[in-house]
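Input: structures, listed below.
Heads up, the next two complexes both have chain A, just with different partners, chain B and then chain C.
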Partner chain A sequence: MSSKMIVLMSSDGQSFEVEEAVAIQSQTIAHMVEDDCVADGIPLANVESKILVKVIEYCKKYHVDEANPISEEDLNKWDEKFMDLEQSTIFELILAANYLNIKSLFDLTCQTVADMIKGKTPEEIRSTFNIENDFTPEEEEAVRKENQWAFE
Partner chain B sequence: MGEGHTLFSSLSLVQCPIKPNRSTLSVVQYARCRALTLGSTMIVPKMRREEIKKESVLKLLGEEFGSTLRLDGEERDERERLNFADFQRAKSVCSSWFSTSTTVTKNQIPLLILFPEKNHDNCCRLFNPEEKDRLYKTKDFGVGFAKSVCIATYGNWLLMQDSMYNLYILHLFTRERINLPSVESQLGKVKVERTIYDEFRIIQDESESEDMSIRSPVFWIDEKSKDYIVLWGLKRCCLVSAKKGDTSWSQIPNTSDCCDMVYKDHKLYFLSNAGTFQLLVFSGDINFKTFKQVHLCIDNNVPFRGTRFQLSDPWWIETKLVVTVTGNVLEVRKMWTESRTCSFSVQKISSSGLFKKYEKVDSLGDEAMLWDLGITVPANDIEGFNRNCIYFCGSPRGFHEKNTSNVFLFNLKTRKVELLHKFDCSSLQLSRARWFLPSLTHT
Partner chain C sequence: MRTISDLPVALVEEILSRVPLTSLSAVRSTCKTWNALSKTQIFGKTRQQFLGFMMIDFGLYSIKFDLQGLNYESDFVEPSIKRVSILDQLDIFKVFHCEGLLLCVFRGNRWPVVWNPYLGGTGWIQPISDFHKYQVSDKFAFGYENKNRNYKILSAWKVLDVNPDCDIKCGVSLKGKTYFFAKEIAKAPNVKDFLVCFDFTAERFGPRLPLPFHSCGLFSEHVTLSCVRDEHLAVLYRRYNGVMEIYITTKIEPNEVFWSNFLKVDLTTFPDRFYGSRSHYFFIDEEKKVAVVFKNEPEWTMDCSYQTAYIIGKGGYLKSVKFGETPNDRKHNNAWNINSFMLSSYVPSLVQL
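== the complex of A and B ==
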């Protein structure tokens, strides 16, 4: 018995064939399947192929059944390896997980960023993630007043 | 991603005007309709698109960090993304993360504040039991800070008393200062005079005494409006209070001989040395609020409640009033025994008619007691805090030492004192420590 396949199209024109059961871990895709409009493939305007590949990899791993019996412990170990990515890729994954509405991937990516922030000063955080200090003068003043903690 | 927590689900989904059918065009429309994110049009030049994406991610993360610190029972995510200190730092990184910090947390995380020794610097240190190997240093409070003593805390504010019995409230982070009426400005039967050598004469009815004493001070302050109320026991005479705008202390009738009190949710819980318990509520019209007694019960056994020495074991007893999360009132005794150990006995107070009833409490359940604050907090959600324990500060040399920079906990189950943390006093020159509950709202 062959499983139903869905075609996902990345923003840069590449097509990926995925089992429906794997793809519907994305709530967005699940809704479209329910509404029966996936026949001609699903264009994902916001997801590049490079990122879509990772998303599909994740969904395949997390589609646990008899063919893919994997323990939670092993999944956690796999998560760590999976998230060993460049910071810009992690950010792209956050957006993709949000856009595709895949809760577990969203949680994983956000937690990875949180873990990277732990214990860092604001300057270090900005340099790690290449974030610009974009406070307005009023906000800057309020932040300065409120967070007067030096670090020893 | 539950409701309202992410940008995705918080945007209202645009309904497609046409019912989606199998043609490619309407599928594209449908995809765009069902899932909107910021700046996703193809026409925008690539560089700008990258910036917009960056902004979206930062906003998403900001909401995640802010929402998982919102401890509202069911809405809480299983994993807290950032602890309190990290969250404070993250707020300073960029405007997307700063603006999400307006969420109010119901739960608060106790921190320990360590005060500097005189002649050392004028900065406080903050200790988070979750991060045992770090100390956070506040900015300099200026000359003279180390000569004042912190006698109470509320949220991010400290109630300070200087060497001349001047009282003021100080914000821990912004260093804003609110001066309080001088202690000799009193409205009521008891008169207080300050002599030329900054000593005092306290006159009640026919008797006179010297020595000022400020007992069990408590206060409340609203972060935004700076509305406040401060209360303390004037020696054995009565309780006094002052609110924002007052130029004198108002004496509260029928409240004498203060053993201890707690001010919580605008209710004043008062225990006198004779064992009388009173509950007063601060209410009334906006312009004329007073304390109204709603409950009173007396103790038919008469042991004196105040801190005292005894000849028998235990030879030192201190009695405190503690109000729990759910509003139960506890009378807690801290005792030092012959064997130089410290132990606690906890009793719940209730009343049967006019008389006070005691019920022994063996366990605080999921709560932890903060001796300094006279309250309990739910401990299960706080890293570094154990349930069913009493957290207090002391000195390794004994109860009477003023230097209270060791942090202990009394485990109600094992009935033993454990050392939570020992601070290196020699290098840090710390004089006192106390627990406080900083508020996480954006001032």
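== the complex of A and C ==
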């Protein structure tokens, strides 16, 4: 039994052959398949090969059917390992998941970053993400006072 | 090298919206952009703990009550309260929550204040009648008119010329309307107590709605209402014989309500005599299947006072939790011995004042 394959082309010119059923987890690709413009491959100008490889890895894992059954618990564990990446790669994945419109990958990547923010002090957040503190001491104190009520 | 600052604003917003509300202060203090972004959308839509506001002894406090520690292996629970300094100068007499806004009424002849904690704005509300002085027994309702989201406060039923035609006991806001527990004015043996909704758009009370129990009007009975996730109501009914029942709505609209059983427990089996209290502020945690009921009087020791809450679960589970220890140095001007305690859950909103 042969399944329909389509070709995805990264921004740096590499080609990847992927099962259509796996690829259409991306709404963007699904629309293109519906509009029948995939014959010569799909150019993904915004996604470089290093990232596209990870996206395809994700989509293959999440293409769950009788041939590839997997429990939710196992998927969660796999997600954790999958997201053990450098920050820069995570942000590239967020951009790719957004561009390719893969909701579950987008949720996973955004939540991973949100979890990196959770529980940290402002200094720790700035240090983790290399963010400059553009508040003056007076401004920072005003913000702290305004949020004095907030649950911690 | 991609950094978070390289991402388009819309994507940073998506990330921040998944950060829990408990990190709000830290995120806002990180940088100006994040401070601004945090005010265009609500953080942490799924929350893991009870977040609300309490009034204790004329002061306003925010409260975080985390039940995550309750599981098969342990039962470590550590609620924390924080005194809200922005309203510290005046004694607060009553507090109401409606869709992310807090209506605070002060002792003495001062105008009430509406405060949006999430955005930080406050608006002073003028009393409708300049000669109207807020009395100890005044009852307030707080909700909004559907079309314009104009907030209206209702004071002692005089403001909007409405006659509820019944004896209103207590109320809670849900989805912009206020639901009250009320009794018929004419007391007769088989007359039932009921729930009634005030519609701020139509400026009138809705039909009488049934309660899942038959309270018979004895002084030793008590009924309190609470919000569940701003979607449903819960009602606590303490019978004269010390049995406490909690029900939760499966459907709640101004003219229709359906209830289901949540918990039933015999308070006389509890070691503490807290069921003697006049009112039982509470919240329920559906995931942990427990109710948390607050004692509305502090406990006193030589050096400090503290608050007590009881976590009550099915099958007789009971755990008492002490929190909010305050040293005994605040002057207590409670000449009338007014019961100054209330609790409300909090749902943030972006309403500008």
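Brief remarks on what is shown
Here is the rule we use: the second predicted complex is superposed on the first by the 131 of 152 C-alpha atoms of A that agree within 3 Å, B and C clash if a C-alpha of one lies under 4 Å from a C-alpha of the other, contacts with A are read in each partner's own complex, and residues count from 1 in each chain.
Assume contacts are C-beta pairs under 8 Å (C-beta built on N, C-alpha and C of every residue); 3 or more make two chains touch, one makes a residue touch a chain.
Note that this is a predicted model, so its numbers are computed, not measured.
Of the two partner chains, neither chain B nor chain C is touched by A:W78. Shared-chain residue A:M32: touches chain B; no touch with chain C. Looking at the shared chain after the overlay, A:N101 reaches chain B, while chain C stays out of its contact range. Within the superposed three-chain model, A:D134 lies in touch with chain B and with chain C [touch as defined at top]. By the touch criterion stated above, A:D40 is placed in contact with chain B alone, chain C being left untouched. Once chain A of one complex is fitted onto chain A of the other, the partner contacts of A:Q87 are limited to chain C, with no touch recorded for chain B.
Within chain A, the residues touching chain B in one complex and chain C in the other are 91-92, 94-95, 98, 106, 110-111, 113-114, 117-122, 125-126, 131-135, 139, 143, 145-152. Of all the residues in chain B, the ones that touch chain A in their complex are 1, 6-9, 20-24, 26-28, 30-32, 34-35, 37, 40, 42, 53-54, 56-58, 60-61, 64-65, 77, 79, 81-83, 85-86, 88-95, 98-99, 125-126, 134-139, 173-175, 442-443. Against chain A, the residues of chain C that register as touching in their complex are 1-7, 11, 14-16, 18-32, 34-35, 51, 62-64, 80, 82, 84-86, 117, 120. On the side of chain A, the complex with chain B involves touching residues 28, 31-32, 35, 37-46, 91-92, 94-95, 98-101, 103, 106-107, 110-111, 113-114, 117-122, 125-126, 131-136, 139, 142-143, 145-152. Remark: chain A residues 87-89, 91-92, 94-95, 98, 106, 110-111, 113-114, 117-122, 125-126, 129-135, 139-140, 143-152 touch chain C in the complex.
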